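We call the chains A, B, C and D, going by the order they appear; numbering starts again at 1 in every chain.
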Amino acid sequence: MTTSLPPDISQSLLQRFNSVRQRSVDYCAPLHPEDCNLQAMPETSPAKWHLAHTAWFFETFLLKPYLRNYQPFHDRFEYLFNSYYNGVGSQYPRAQRGLLSRPTLDEVLHYRLHVDQSMTTLLSQVDHPARQDIIRRTELGVHHEYQHQELFFTDIKYNLACNPLAPQYRHHEGLMPSVESADAIRWETFSAGLISMGNDAHNGFVFDNETPVHKRFLAPFELASRPVCNAEVLAFIHDGGYRTPSLWLADGWAKVQQEQWQHPLYWQQHDDHWKVFTLHGLAPLNPADTAVHLSAYEADAIARWLGARLPDEAEWELAAQSLPVQGHFLSGTGLLQPGRADATPLSQMFGSVWEWTASSYAPYPGYRAAAGALGEYNGKFMCNQLVLRGGSCVSDPEQLRPSYRNFFYPPDRWQFSGLRLARDGDSI
Amino acid sequence: MTTSLPPDISQSLLQRFNSVRQRSVDYCAPLHPEDCNLQAMPETSPAKWHLAHTAWFFETFLLKPYLRNYQPFHDRFEYLFNSYYNGVGSQYPRAQRGLLSRPTLDEVLHYRLHVDQSMTTLLSQVDHPARQDIIRRTELGVHHEYQHQELFFTDIKYNLACNPLAPQYRHHEGLMPSVESADAIRWETFSAGLISMGNDAHNGFVFDNETPVHKRFLAPFELASRPVCNAEVLAFIHDGGYRTPSLWLADGWAKVQQEQWQHPLYWQQHDDHWKVFTLHGLAPLNPADTAVHLSAYEADAIARWLGARLPDEAEWELAAQSLPVQGHFLSGTGLLQPGRADATPLSQMFGSVWEWTASSYAPYPGYRAAAGALGEYNGKFMCNQLVLRGGSCVSDPEQLRPSYRNFFYPPDRWQFSGLRLARDGDSI
Amino acid sequence: MTTSLPPDISQSLLQRFNSVRQRSVDYCAPLHPEDCNLQAMPETSPAKWHLAHTAWFFETFLLKPYLRNYQPFHDRFEYLFNSYYNGVGSQYPRAQRGLLSRPTLDEVLHYRLHVDQSMTTLLSQVDHPARQDIIRRTELGVHHEYQHQELFFTDIKYNLACNPLAPQYRHHEGLMPSVESADAIRWETFSAGLISMGNDAHNGFVFDNETPVHKRFLAPFELASRPVCNAEVLAFIHDGGYRTPSLWLADGWAKVQQEQWQHPLYWQQHDDHWKVFTLHGLAPLNPADTAVHLSAYEADAIARWLGARLPDEAEWELAAQSLPVQGHFLSGTGLLQPGRADATPLSQMFGSVWEWTASSYAPYPGYRAAAGALGEYNGKFMCNQLVLRGGSCVSDPEQLRPSYRNFFYPPDRWQFSGLRLARDGDSI
Amino acid sequence: MTTSLPPDISQSLLQRFNSVRQRSVDYCAPLHPEDCNLQAMPETSPAKWHLAHTAWFFETFLLKPYLRNYQPFHDRFEYLFNSYYNGVGSQYPRAQRGLLSRPTLDEVLHYRLHVDQSMTTLLSQVDHPARQDIIRRTELGVHHEYQHQELFFTDIKYNLACNPLAPQYRHHEGLMPSVESADAIRWETFSAGLISMGNDAHNGFVFDNETPVHKRFLAPFELASRPVCNAEVLAFIHDGGYRTPSLWLADGWAKVQQEQWQHPLYWQQHDDHWKVFTLHGLAPLNPADTAVHLSAYEADAIARWLGARLPDEAEWELAAQSLPVQGHFLSGTGLLQPGRADATPLSQMFGSVWEWTASSYAPYPGYRAAAGALGEYNGKFMCNQLVLRGGSCVSDPEQLRPSYRNFFYPPDRWQFSGLRLARDGDSI
């Protein structure tokens, strides 16, 4: 939520604004209005709600405070599409978003149009006294929309998966060329020392939870060259991993028993083979593919079974600091799956899957949340969640950085989440 | 489920079949696809599901057993749209019907077309060896569809009411002419005696739960000339009725406290006046209108507060046996509300609201459920529910009879349900 | 709650009062203080609570209103030991009775002593202006205590059964002589006609729910000579009864699946044989014994599987009207189990097990609840429950009559409840 | 779980063993058998269960593996009193411990005697080949019992507090001399630097979760001279703290609304004054006393409202490393309450209340859990919990160290838990 401003960025910002806004709409194109209203669990918002809420964000934090004479599209939308900003007001209950058949998809698209036109007006007011705030908040709104585009895919996947008809979001030829196993994991070694981590945005946009830059002392460690792949999860399953309490955290084992977990989310066992539900339809499970849709509990248990552990987020960030944001992304592959677990050293640190870390999501030393309702963006969630790093196949590479911190609850599985192994290094 | 067959009824049956089938589709016309997918609680099925299930009924019980070479529209629909017939097979979970965005509304309409065309073929086979069964089951399917048309309105009302925008199903001018109070209740008296009740269908269609005709002994009683109206419920509220445990059955009082009931469903208190959500939008509460959307617990408490009681279903049936099926129906008034509580003696025994009785829904002496899966239609629900009699504003008068038994659980409120007072007569 | 008063009954009443009061205490003798505090589910009150509540009843309804200068034992007991009388005041939450370690068992016994001494004083005031009410209410209190003595056994059985150590309440030699099967069921036939049922207490004590005497018309029916025995339940199990939905009411089948019922409560399958938890410890299951601890859902399903049905309560009462209150009672056998299902015609109509009927618990025509808090004794429970008739092995024969109506919810199993088959008779 | 062994410690260990074991029994002396069986929520085990489980610990981890010919006291106790060691076997359900009226308190005391006598035998075998393991495990068992003695008080407090009679555990004269407010907080400052934390037990017993010693880099910070006191919590309440979402973590605010928290646990508002439930009975709230029974959510919100934050556990440990284990302890004061919040610098770092930190309970870098079932002691709980430091009034000073890590879930309030403020220092 902090940006260093180049002198004149309004044109490029407007272009990015328009391009990102359009893409949210484009993503809904393969869906029917009924699909866009689905909410299969409280955490998975309807696609239509994502469309409306991202418009609400610009309306609430830019148009209402800064655009003179702005007419809100509908006086109840402030309430209906507020996600969790108590500073703005009360919120329509999250778990019931799927009951909002009205406004219809068409009306929401009109709402977006209304907001986009007003934003174009606002962004063209180069002499606006709050120009800097407007640019900063617009930048934030664009990154907010990146996040919801990613949630769009994670949510619609879960929502469609509940249907026994296993509907496709979009057909894709040659989904997963069959490869039996990924290359063996190699270990990248890192020595002990005081490192600097975090990001103060001297070089572009960052969220407040990445600030401030601060020091951490790290013991020597090693990090795996690639994420864990399906072949390794299959071996875990065949070895009774889901029935062996000693491999699990206590809360994880309780969840395994309560939910009767026997395999990752979206896996289906058919007699002697496995299938997996994807946004391209049911597909054979490819052992060489990166394992995805794991809870942190499963990630932790699989790591333990493999004689390793999850990395600390500082370890992960150190390893990533010099790497380009490259990997398997939807924008490159057209695939809504993580694809093959590559063997190049530290491959796919970005793209493929969000990688669970062992780090609790907490403020960095010296962290200050922004003032006002926008201060609720990140800070109030810094409890009970774990940090995930990198980015997944459905992230936009534009939104990612080595310092980017994603966060979910340990039992959550519907994200495109997997793991990369770490282990203690030699204390020479 | 028993019909006495006139010699040649195929033509009129086909006409009724087509007309009823068309009406289900017509009822959905004012709705958007998102509306048709809503399920705000497990009991309120999506409009689309009603459309599909009523087609499923004809496909399952007529086309599959009787139409040679019939090709089912989709091999998974037998599972998806089976409501509760264990004899047919397992069922998609009731509480998750709102998660079925696919088949889409369009696909369901095609499904209906496919079934209707096949049914036309089947009904035209006048020499079919199972001709009598076909006619009987078609008749049952038509009455089944009447019931689902009524449920369509009760369910869509509940589903839309969850939306803070209070969407209209259909606009209606001059919804409720304001009248301050209904005429005073008068009492119709009935003397003691052995009566005959139930219906063996010598004269048209009946459900199996109305059979067999049997004798009941009744003590003298009196029945109110009209249903309880809103003015009486308002007086109950003002007298603290919802806060006075001595007026309530124990289970009812537990529900009042658990759900924090303070007024009937769909009522809203706005400062000094009341509004009510209707399918024609939010409207002022009209004191003279028949009270509706009451649970049996509320009906019982209101009756007790008024110094009366709910009628036994035998008392109700005796009073209705000689009455024509007349009253306030959608088909006559165009209104999706019960309208004014009339003062003519025993008015609105049909139409307006389903009237709760004190009678537990139980088999009549000598009752036999039909063989096979169709035997599950009524019999297995004969526990824990109470009988309602008459019919509501959204019933079709064609579907009603003095012997007709509707049934719901005592806490249910989303039905168009109200009450008519009864009291013990003089034992002269 | 209505009694016809013989001229001078105070002496015999006082004797019965003392004898019944003493027995409640005696029943607790084999238990430890910890046992007396157990509440394994909200419905099973601790033994200590039963002791206190029955004292509370006399204190609340007799001593406080009628005994001049009566000093309540403790000012919070009115709240703590009020079961459900809203007319008296609010109540300590039922589900948390097991959390009341204080007052201790000793203190409760002192409370009882205090009440008993005061009651002796009150009952000796033969000139008390409210003498008739005092006698009537004392009589009611005595019968209230009979009911709680029976609940004491049903509740402590459930509470102890949760313990994997299977503790005995009391040892009993030769618990169940092994007999392979009971004699075949014979059928007693009854012809159609208008009967009189209910009881107006011209001849002793009755509860208000047995009043008034009224007429019922019955179709011809037949009633089994004995209750269903374990051999028949075993055959039901072996035939897959607990896995066959067509045998069950819809709500019953839902419960079977939800609770994973596979046999009656307290049965345990050990490899190739069955054991049963009793208050005399774990014992082999005796096929010839009367089946007990069945819910109404199980009773209904077993009856259906046996080609019969549950009786209507009027049918049961007609059959019982001329029978003496005889059967297997604790007071005779010393056994806390129903024992063998006898073969004599209409044996064990009383004793052995409470027999589920198909009749919903409802007021008789003309029923009036008593005024004041005592009116809550029975009337407010007349919804959602079914009537059971007869009496069980842990009932006191003194408390039973042909007109006695017991009532529980259909899924309840912890009562000593079973069934006797009925079927429609010939309509000659 | 690691101890450095002095040459001959068996005599002193046996003495400590006996003394600690005796104290557990002594603590139960003021209680009745019914009290000892209470379990008011799943987390609060019955006092009797604590007595049995601590015996089970010695029986399972010492007597069974090491004492030749040891006869277990009862073959089912391995199952009944296993808390959570899957490596030992399955466990009686935690939430139902309060249903175990058997074994009775007397029987459990016999069980303890049996174990203690056998332990005396074992500890006297100075030539036992596993002597070192026996001593290490005995030491662990003693510290395990310290922990359960503390839980005994936290649990019995909660269990008794559910009783409207507010029973005292023990009377105490002059519980809380009324003082209006504690001295003002002063701030101890700490500069940035690399610190060493953790404890490798060169100097006595430590738990494995305190190992290994490792380095941490800390930014400059300040720590409050005393814990937050009731006066500050009262000011928070009066300022609407429990109604202001911006002060709370998101999960904390959800809990506030769900549980309707309006003040700390055990506080009661009586018109214009506050009372507090203590183990010495209901008492007036003393503003100068250390605030206790706060969840981490409340601690975090109160800290935020006071312009500060919770300390990191490394900050706390650094500040405590040179302090003696001194403070308000039951063993010194006889009080089962934290008492007054003193003004001396860094007072009460030990004693009074466990202090919530902002640190998630996680393994230290290089942590290894012990092999076998004892490895479950700490490691598997390292998720979803926060670290508390110091020790409370009901801790034994013998069990505490600057490196000691306690841990509970953020919403937990029944512990003797409070907070000490921290804030960022100047980055000179």
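List of remarks:
Here is the rule we go by: contacts are C-beta pairs under 8 Å (C-beta built on N, C-alpha and C of every residue); 3 or more make two chains touch, one makes a residue touch a chain.
None of these values were measured; they are calculated from a predicted model.
Of all chains, the one whose CA centroid is most distant from that of subunit D is B. Separating the centre of subunit A from that of subunit D, both taken as means of CA atoms, is a distance of 38 Å.
Taking each chain's centre as the mean of its C-alpha atoms, subunit A lies 47 Å from subunit B.
A separation of 59 Å divides the Cα centre of subunit B from that of subunit D. Contact topology of the protein chains: cyclic, one closed ring where each chain has exactly two touching partners. Chains that are in contact with each other form these pairs: A-B, A-D, B-C, C-D. Those residues of subunit C lying in contact with subunit D across their complex are 32-38, 40, 48, 76, 79-80, 92, 96, 98-105, 159-160, 162-165, 167.
Of all the residues in subunit A, the ones that touch subunit D in their complex are 84, 86-87, 194, 214-219, 245-246, 248-253, 296-297, 300, 312, 358-360, 362-363, 365-366, 376, 380-384, 410, 424, 427.
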